[in-house]
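First comes the structure, then the notes that go with it.
Going by the order they are written in, the chains are A, B, C and D; count residues from 1 in each one.
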Amino acid sequence: MMKVAILGATGYVGAELVRLLYRHPKVQLTHLSSHSYQSESYSKVYPHFKGLVEEVCIEDDLNKIDADVLFIALPHGFASKIVTPALLQKTKVIDMGADFRISKEAYDNWYQVEHFGEELLEEAIYGLSEWNREKIKSAQLIANPGCYVTCSLLSLIPLVKEKVIDLESIIIDAKSGVTGAGRGLSIGSHYTECNESIKAYGLTTHRHTPEIEEKLLCFGGENVTLTFTPHLVPMNRGILATIYGKLKAGVTNEHIMHIYKKYYKDEKFIRLLGDTAVAETRWVKGSNFCDISFKVDERTGRVIIVSALDNMIKGAAGQAVQNMNLMMGWQEDLGLEDAPIFPA
Amino acid sequence: MMKVAILGATGYVGAELVRLLYRHPKVQLTHLSSHSYQSESYSKVYPHFKGLVEEVCIEDDLNKIDADVLFIALPHGFASKIVTPALLQKTKVIDMGADFRISKEAYDNWYQVEHFGEELLEEAIYGLSEWNREKIKSAQLIANPGCYVTCSLLSLIPLVKEKVIDLESIIIDAKSGVTGAGRGLSIGSHYTECNESIKAYGLTTHRHTPEIEEKLLCFGGENVTLTFTPHLVPMNRGILATIYGKLKAGVTNEHIMHIYKKYYKDEKFIRLLGDTAVAETRWVKGSNFCDISFKVDERTGRVIIVSALDNMIKGAAGQAVQNMNLMMGWQEDLGLEDAPIFPA
Amino acid sequence: MMKVAILGATGYVGAELVRLLYRHPKVQLTHLSSHSYQSESYSKVYPHFKGLVEEVCIEDDLNKIDADVLFIALPHGFASKIVTPALLQKTKVIDMGADFRISKEAYDNWYQVEHFGEELLEEAIYGLSEWNREKIKSAQLIANPGCYVTCSLLSLIPLVKEKVIDLESIIIDAKSGVTGAGRGLSIGSHYTECNESIKAYGLTTHRHTPEIEEKLLCFGGENVTLTFTPHLVPMNRGILATIYGKLKAGVTNEHIMHIYKKYYKDEKFIRLLGDTAVAETRWVKGSNFCDISFKVDERTGRVIIVSALDNMIKGAAGQAVQNMNLMMGWQEDLGLEDAPIFPA
Amino acid sequence: MMKVAILGATGYVGAELVRLLYRHPKVQLTHLSSHSYQSESYSKVYPHFKGLVEEVCIEDDLNKIDADVLFIALPHGFASKIVTPALLQKTKVIDMGADFRISKEAYDNWYQVEHFGEELLEEAIYGLSEWNREKIKSAQLIANPGCYVTCSLLSLIPLVKEKVIDLESIIIDAKSGVTGAGRGLSIGSHYTECNESIKAYGLTTHRHTPEIEEKLLCFGGENVTLTFTPHLVPMNRGILATIYGKLKAGVTNEHIMHIYKKYYKDEKFIRLLGDTAVAETRWVKGSNFCDISFKVDERTGRVIIVSALDNMIKGAAGQAVQNMNLMMGWQEDLGLEDAPIFPA
């Protein structure tokens, strides 16, 4: 069994990693660290793990951790301080945060936090599993993508790469469940403040925007400037992205489907619904799937792509496990075989 | 007291009309008709009215109804069969459905139901209160706008009319609570099928599309072909419209605010939030308000408008009461003075 | 217009008082105080009041407040420090908190907070409107009952008073929406921690227990020791109390109904559903009603009472307004005429 | 691989069986029958299974089904018509419905449906896994318990059996998510009718009452007449049972814990929380666990037991799989190893 540690195990992403890794046949959870709950039993912090994960949380101190793979699930700004070349020589690192996802320039512009790990940015491999598989296999440091970003990129890269979409026309109107906001207390995540209401936030300024744009260039080969608007939906889990783009003249439903099949027909975790069914978050909840559907609107010349994933799984912990499997040379879906759970 | 009747009083729109009219100081509810519940006590169908509205539902038969104002809250296709010139000579009619909202051509194309009231289409006045006030005042037949449409039009007409927005670029990504789907049973409105999930529906084919386009021409003076995508959100009430449009060069936040103020600064039921706050459905729930906010994105040259209303009130029964007040020469906000109710 | 001030106007109870008083025809809101938001515009704290209540919050300082009626909506322990005989000489006070509700002995035992206003406990009148109307009319200081307590007492007093129920047998299993927990941030009110789950809390120790017992003695004339178990339900508003009691031999449904009618048949805000319909929170939401239903179980000799109210209205702000109306000699339902709002 | 068929595979219980059996390492789903959806692809009825379960639904005809184990997930009244001695000679049957759970007398009294399978009632083994393990191992026909019943019995049998509880005093106040009402359309399960509200139903007449009483006699050895009140909670999954009982004199928390440990300390799927933590449905969602907590109230001499399970898993499909494992001589938790999923 391979030894795995999680830095920041008591946030929601950390807990979802614990849940997935608990059942993974080839790993053993050896260290769970927590700033807020150190010395407390993990199952007291998260009683659903009672009887299953009874480890005591340790402090966030890398010196106390000896692991083959280290997942870092801390707020942005932390990983870049603690990941060092020395650490990477002995441990594979999968960072769930933003520190190694984007260029230093974009990071400085959109995050307004000093970045300490600049020298490692080139070594960090972007963990969009389906598009970066070969590099992930030999990586020591993975920058695991964000939830909105994964949903957007999986939908858009094929169309951008195949040059069927007007690069100036892309709009992503995304909707997220409240787990996306984490476990930290805030008035915006207070039950009675977000229940029975929907809102947009981060208009024109959300930090996932540059991540999407940089990766469309990286994997799609094109410079794109797009609009990304996230919304908060009164539900626990799920991302739905409704994406609009102007098509080049003559592009049809069949053409779009042909493109998606070209890239995804053998991808286990991407399900193409085509132009008859429409993706909904309930059909992916609890699984590592990303469902993609679309429809060409002849009246307006646009394609409307609707895609869905579970923000905690394919949008975070699940994709991280998928990346770990790739890094270790294991079967890619190990520990990720669950069907979605519905109604849940 | 003026006598008021409601045809179709046991649907959600009918019930919301009852709630608003019950407290209206100048009207008396005299007839509540219901196809499904005739001869039952209204308060048995809707126990929240116990002790308040104890009328017995009568059948849907105009001959049994004698009223000064008649609200019709039936599925589309019914009103056009029963509203006649003779009826209009003795009764003012406010139709909550689609039959008299749009041109026969659009109706035939998008509704696929035969329209029987063609000769009255010209007489019917579109009940978008803030934009058609003078005609409403002297109308006998009002076509009350739909919920998505009201939210979209109030947001877009000023910008279209002032020619600051690229007419080919408009996308409306709208989100609705489940009351919008009515009280009729369907798998899509079954609790466990829509709770904890979000979905898009009616991609490229939703019937509110032609209504929005026709009225933008009517009130904004421009031919617009736009994309409208509705979504179902797991909450009871509320519409949020996130609207995207490319701006003409040089248009700024200040310019947009100036335009909105020009048209709305004296409108009681339209609240301009400007470019600092963002509209949320919780802030309008239970009231007749439509909140409008926006932000210009200099990176992409787009304006993003976010507007919110309560689909049952400003999007249906409230605007109908507002129109009744206008038709009767009463103060426009009579019976509509409630502040929003929060958290609710 | 009478001048009204609210101490603690930015909590949920304070905001609901603002909503109800905003439309009350005989009062004017003159001072809104807030510890957390002083100097901020009230409508910025609660954007649903934009354009309606634009006062700036002042600090919690009685010297800055000059009002005919003062509502205190602060956490327990505060009112007993600031209400003085001198204050009561010039201002009527309605305290929404626990300080003046129960005996000092019970307060010390169950609240573990020092009580400073002992000398005023006798002067304080318990504001259970339907049962203490005459004393409320001439009161200067009202202790407004809690939400669970109002629902429980209105259900139980008649049966205790008429001696049809075994005093040792009473169990109250109560369920509350999350507004009952207030606006203060806590992990227990974090959206993703209470959504899609139900829990019991305060087993055997909830502070409403002694309030219920003392008032059953006061209004029902009997010493009762009962079990009270509150639960948190994933919804914004509403209290449902399911109450169990062993009946004296031979007591029937008809007998129970007779007793309830004896006390409540002329009470506007209490609706008796009898033994055929069962109370649900949705039918009272947004109103000052308390619905009461029951059923005698011949197999077990028990009566099961199910009662419902809106915890923010009849359980807090609405009953407080009802009490203010009584104190001022106004019509008791002034400002409380709203029908429930459904679906909401 | 053993061949497994499901009669009634398109209800929620059927779908949950499919989900669990899909990942079970020793079975193969060979037949999925559906009355409503015959000839449709299963993954079209339930798109979360797209790519995973692509079988076509067949009609409900036993002659077309050849299986080692047959799960019947049909409404009550059907299984007793189709299960015959001949069928049981070739197939093990696990009935998810009520037909074989209780005595014919109780069935006739509480269900008011004719029972056709009387001769098999004695052969049917009640599938409360933890209490009937030995008989289940050699059974051909299992009557799988209901969700409310499982939660109630696991909580009560030890205390009844050990005679620490007054048999006349037991009250079960139970709360269920809406999946418990199934997928059949009804106004009571319409989203906007149950969202944001809580109600009690089936007062004094719910059909799970005699099942609980008969099994308390069977496994606890005592005749009990109790009160059972179910409630509908606005959430998808979960049962919470709050159970009240008068204790014999001198029974303490320690005594109760001792009793629970005596019976459950080695039970994998029963987690004893003791008297410090309180069970909540979120901590068991997605798993086969039943969490049990309790507190003795010295003031009233009662014990309050709070227990929780996932109604679709330990309350239905999970316990059925547990029983199948027992019947086949496999490891009891095969296919049931999932940790709960939170927040979900």
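The rule we apply is simple: a residue touches a chain if its C-beta (ideal position, glycine included) is under 8 Å from a C-beta of that chain, and two chains touch if they have at least 3 such contacts.
Remember, it's a predicted structure, so these values are computed and weren't measured experimentally.
Chemist: Comparing centres built from CA atoms, which chain ends up most distant from chain B?
Modeler: Chain D.
Chemist: Once you count every C-beta pair in contact for both, which comes out on top, A-B or B-C?
Modeler: A-B is joined by more C-beta pairs in contact.
Chemist: I'd like to verify one number: the distance from the centre of chain B to the centre of chain D, where each centre is the average of its C-alpha atoms, in whole angstrom.
Modeler: Distance between chain centres: 46 Å.
Chemist: How far is the middle of chain A from the middle of chain B, if each middle is the mean of its Cα atoms, in Å?
Modeler: A distance of 38 Å separates the two centres.
Chemist: Using mean CA coordinates as chain centres, what's the gap between chain B and chain C in Å?
Modeler: Measuring from centre to centre gives 36 Å for this pair.
Chemist: Touching at least two other chains at once: which residues of chain C meet that condition?
Modeler: Within chain C, the residues that touch at least two other chains are 12, 179, 192-193, 195-196, 234-237, 280, 282, 285, 343-344.
Chemist: For the complex, which residues does chain B have touching chain C?
Modeler: 12, 15, 19, 22-23, 46-53, 179, 196, 236-237, 268, 271, 273, 277, 280, 282-287, 291, 337-344
Chemist: Residue numbers of chain B touching chain D in their complex, please.
Modeler: Residue list for chain B touching chain D: 12, 178-179, 183, 185-187, 189-196, 234-236.
Chemist: Report the residues of chain D in contact with chain C in the complex, numbered from low to high.
Modeler: 168, 171, 173, 175, 177, 192-193, 195-201, 203-204, 225-227, 229, 231, 233-238, 240, 242, 244, 278-282, 285, 295, 297, 299-300, 302, 304, 306, 343-344
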